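First chain A sits with chain B, and in the next complex the same chain sits with chain C.
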Partner chain A sequence: MLKTLSRLFIPKSSGDYARLGVLLALAGLILFGALRYDNFLSQFNILSFLRYNSMFALIALGMAFVIITGGIDLSVGAVAAMSSVVAAYLSPYGWLPGLAGGMAAGLVAGAINGVIVTRLRIQPFIATLAMMLAAYGTALLLANNQSVSVSYDTGFTTIGQDDFLGFPIPAWIAAFVYVLGWVFLERLPTGRHVLAIGDGEATANLMGLKVERTLFAVYALSGLLAGLAGVILASQFGAGQPTEGVGWELFAIASVVVGGTLLTGGSGSVGATLAGALLLAMVFNILNFENGLGWISLSAYWQSVIRGAFLLIVVVLQARLMKKTEAP
Partner chain B sequence: MLLSMQDISKAFSGVAALRSASLSIAEGEVMALVGQNGAGKSTLIKILTGAYQRDTGLIRLEGEDVVFATPGQSQARGIATIYQEINLAPQRSVAENIYLSREPKTRFGLLDRRAMRDGAAAVLKTFNLDIDVDLPVAHFSAATRQMIAIARAVTQKARLVIMDEPTSSLDEREVAILFQTIRTLKKNGVAVLFIGHRLDELYEICDRVTIMRDGQTVAESAMADMPKMELVRHMLGKELAAFEAIARDGGSEAKPVRLLADGVGSGVRVRDVSLTVREGEISGLAGLLGSGRTETARILFGVDRLQSGAIRVDGRERDYNEPADAIADGIGLVSEDRKIDGIIPDMSIRENMTLALLPKLKKAGIVDRARQQEIVTHYIKALGVKCASPDQPIKELSGGNQQKVLLARWLCTDPRILIIDEPTRGIDIGAKAEILKLLRRLADEGLSVLMISSELEELLAAADHVTVLSDGRSVAALKRNELSETALLAAMAHQVN
Partner chain C sequence: MTTIDTSAAPERAARPNVVRFLSRYGTFAAFVALLLFNIAVTPNFLSWQTLNVNLTQVATIVIVAVGMTLVIATGGIDLSVGSLMAIAGAAAPMIFMGKLLPIDNMGVLIILSFILPVLLAMAFGWFNGFLVARLSIQPIVATLVLFIAGRGLAQVATNGNLQVFKNPDFQFIAMGRIAGIPAQVIIMIVVVALAYCLVRYSVIGRQIIAVGGNEKAARLTGVPVRRVKTFVYVVSGALAGVAGLIVVARNSASDANLVGLGMELDAIAAVAVGGSLLTGGRANIIGTVLGAFVIQLVRYTLLANGVPDAAALIVKAGLIIVAVFIQQRADKV
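So, the complex of A and B:
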């Protein structure tokens, strides 16, 4: 019993310290916000925070798996934009066609990424960069360069706008996907193979793991989750947005990195990725409140600078912690 | 017979790596597989494990013909390999590494983590290893990681465990533990294929030995029936054409010592090496693969840090931080593997030749092209580099001419001491003699050459005296008049005569 407890709470590897760090930072920010701003813990703020940021959390999870294998997926923002357009076009036929169509568009884009990376042996950075351009182009072509309104009659907007048991449906979706993601990475053999592949592809191959198949699945999954985020985007804002999603991939990468996942692969955690995504979103939320107080007035540009600085501080602190605990 | 491989041939883009090689191993037998670099050992192993496909030949496992298309398939048939670079996932836990690719599962298809943890601890215990199996593999020493890899093989019910130079990064105590493990495997009827170079170890642990040379199996015998000298002779073989002797008989002893290593060591690979290189002589450095030849050169050139002993250059004690310091002292190193360390294939002869010289060729940061051209033309002529023009990409030249360009790279920096590692590897026989003559001429002009070579004929033909290494130690210093094939073989086999 004691051993199990210590296993849960005492950090062992350097990665554990990074994960502990992001949780402490998140807790610190929430405490700061709660003490400083009156409406910070209001139902309205919490629910809209969750509703809006679920999209980013979903994309960050797909990105986490890709980065754990040592790869990167730059196409997720564009794929989400493309999927939002597809979902919007299909929404008049019912909420399910809209949902399934948007996810399918994402899955196809992700699968193409997977084929290019594993079969054609193109570096993930290049392969997904190409997909990013292609997906933006496709989104603009499909939408004729304007946003595509969704149907409000088929229940499609329920996905993004309504609540279930007091919580926004996007938050339920994200929570459900994260639970699945955690079970996959921590409790299923294939999840452990994802980690082992990130530790060294050649080694994993020699150990008899199915490297190509697993890598393909990881890119396809990232596309699928970007597609799901696109569906939520269209549903939440009532329109498919071909020009949205710019920079989402960077937000996702930042969330994963803040969550202690190494860009070199082989390490990472689902929970810490969620914490990383929430942490970055929380900084944004707090800056909004700070503006609202009226003490200072920060333009969106300054907010971006501050978020960047915050990200840098967290990553530097993590690097220090990890250095201290490096294996002998 | 557990395994028999017969008449295995394999060529890579037309170049034969294996020519009708064979290997057979009985159950519970420890078989040594030895041979020089390029003898075909690793190709043979990779064919056995399914990493490569054979061109021709037969593999029988327990009497049944088999074809392995992937490493996974050979593993499924009970063949496990412990590679030199231990192939474990460093950030994953010990237990996971032992079970990766065949994890125990619960009824719901989830990982049975308790079974993994307990099973891993239990199998490690049979090797007297009591460690926390939840820690990442990277936490442990090379020896422990090796035991983990072996434990992985055991849990996979391996019938044959292939160990590729398993002792290369272990100290003596760790080697003893490894050998204990091998004996345990043997007792359980598991066969071991042991690829190694340290003769004492082979004689200690192996039952039989298979010797390879030039892609062929040249001898197979019980270890006890194979004297060390005989084994080394089989491994090294003989060059077909004898070089004309171009060494001088004595006379250089009176010259001042340029480079002196006194008990030099850098950890496991090099423990205690002493040698001297005098002005205007070619000093040979010999030893079997893994004896620490190249590593010694790396210390002398400042690539690896000196940990024990002393290096003197022109009588002054030196401890280089980096090669730039050695270069400043007039030392040059022509490395063993041209393709990896030496040439930049797509760059021209001119650029490759003057790479090390660029800092000196610069005037206000701009390369002095006229001066560069002058130097390049001079060396192309002086060394007889056969090329269309100095601007031809170096990759279009033959091996011998590439080597000359590399040699010129260092010569134009005007070195006083040149360390040259395997000067004639991969070069045809005519060009070999030419390179050796060139070295001699340079020595006559006052250059001190330390020539590292695994070819007996080359050492006999060109070296004024030879230092022989064995297991990271200099075990013999043979003067010109003591040099003979027998003497070299005896020293390499580490038999004190």
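So, the complex of A and C:
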């Protein structure tokens, strides 16, 4: 009896703790913001919050899959920047070529990551660190070291700037992709393979799972989603930006980790990743409001300090929980 | 995975030899090839000025990469070196311009502006070591914290502003010469010599290799694993601090947004090209120096021949992948 009760109400694993924690923290922050600031729950703030942060949510989802397999993708920010340039160049030919071209650029970069990780067996962080360099290099070369204006005549800017049924289109895209991601990871066999690989690559191999193919797909997917985020970036701000995206990989990693996914792989959840991304974004939203109130004045430079501090707290907590669950 | 590789080994008998040759002499061969290429193609390559430019530019990479070699030898990685350079580089001018400490004596300020930034960088290095050794956080993630936050701290401290200065005493470490040799080159040589002796002849040097080779075995044989790990991160932090001082002294300006940007990649690339396995258990200091020279020469060759900086990034990325691939292959056979 007691056991059943405790199973219902007390989190079992470190992942459950983190998931519970992130939801509580998110609810707490929203409550705090709603009580403290007049316009916090205004339509404008909610919509622009969703519009802007959809890009990060997309990248975080790709990162979640990579991290679940025990890898990491440090190239997503640079790949998004490169894709934004490609999309901007293609935007005069219509919104579809812009969208498809940007996503294709991301997919190619992700596929190269996948080949380097699976075929050459190079550690993911080295492979993707090199891709980060290469993608920034390509973006700067393509764009001639400056931002590339998109075409406003072909409807390309609709993707990032317009609404559909009252919600920003980027938010629809992100929601759609997250639903697909959830179905994939929680309901389809291949999704379970991703988890199994993260738990132990050798075991997964012995079980007859197609480890290499799955790993390749995961990196390709991460690149594809980074490409999609790049398209939204170009469309939303009206320009392909070769120097944007610095630090995006950290936002994504932090979101995934905050969502309770272990960096060692083998566990993780799509929903919690979304919650992690929203929580992190909410922190910055609230800091913006606080800046507006004039109580504190944080320059943009504080962003990276806070991001780092956030990552630190979460990682330390995770390490603590891991140790506790490991102990007999 | 190893089982699959061994079964296929007989068919590939010819390849491992090539790989082994490349892993042993590849870096040196690349270095010589780059030299010959430049002598043939690049105008005015054989001049004192070229040597001077390359030596002074490579010095900071070598200094940071030596620390990185030690960290990687323990099976770790330090992504925070660039940010620590920015922190040290931001702190030094603030000290000798009297913004931080109420001291009037310029001599004391100059000395402090050498010592305190390096101590600060060491403290951050210790923090990295604490996360890795005590809390058992993966090195990539542990040092990612300061990779993000470290540069942010430097930017916050300087408000993102450029600090311009002219201070011959402080700038001696970058502009000065001893017996005609630039001071930073001398610092580089001293650092390399010390690190070489450390790895070769000291107890802790052997312990570093042992920890990277097999951590469990090292612990069971009584190696103080945590202390060794903390030590390498502190050393890496200190060397990053020194490199940060050299960079700002060379530029007569400190820009927290730029100092040490991308240095972690250069350092990791130097280690990989230099023949240390990124999985740990090996520390080839001389190889790292050679690796840094190769990377510097590649960049110089491209720039001197009119290839844009952005393309050089792509070449560097390819270089890293090829080097790591060759090292890993050679280790397997």
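We adopt the following convention: the second predicted complex is superposed on the first by the 291 of 328 C-alpha atoms of A that agree within 3 Å, B and C clash if a C-alpha of one lies under 4 Å from a C-alpha of the other, contacts with A are read in each partner's own complex, and residues count from 1 in each chain.
Just so we're on the same page, a contact is a pair of C-beta atoms (placed from the backbone, for glycine too) under 8 Å apart; a residue touches a chain by one contact, two chains touch by 3 or more.
For clarity, every value in this text was computed on a predicted model and none was experimentally measured.
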Is A:Val183 touching anything from chain B or chain C once the two structures are fitted on A? First, second, both or neither. first
Does the superposition put A:Ala196 against chain B (first), chain C (second), both, or neither? first
May I ask you to name which of chain B and chain C touches more residues of chain A? C
Would you check which partner chain A:Asn205 touches, where first means chain B only, second means chain C only, and both and neither mean what they say? both
With both complexes superposed on chain A, which partner does A:Gly266 reach: first (chain B), second (chain C), both or neither? first
Would you sort A:Leu120 into first (chain B), second (chain C), both or neither based on which partner it touches? second
Going by the contact rule set out at the top, does A:Gly247 touch chain B (first), chain C (second), both, or neither? second
Where on chain A do chain B and chain C both make contact? 202, 205
Complex contacts: residues of chain B adjacent to chain A: 49, 51, 70-72, 75-76, 81, 83, 87-92, 96, 100-103, 105, 109-111, 113, 134-136, 138-139
Can you name the residues of chain A that touch chain B in the complex? 7, 12-13, 15, 183, 187-189, 192-193, 195-196, 199-200, 202-210, 266-267, 327-328
Footprint of chain A on chain C - complex, ascending: 1, 77, 131, 135-138, 140-142, 144-153, 155-156, 159-160, 262, 265, 268, 272, 278-279, 308-314, 316-318, 320-321, 324-325, 328
List of chain A residues in touch with chain C within their complex: 72, 116, 120-123, 125-127, 129-131, 133-134, 136-141, 145, 201-202, 205, 247, 250, 253, 257, 263-264, 299-305, 307-309, 311-312, 315-316, 319-320, 322-323
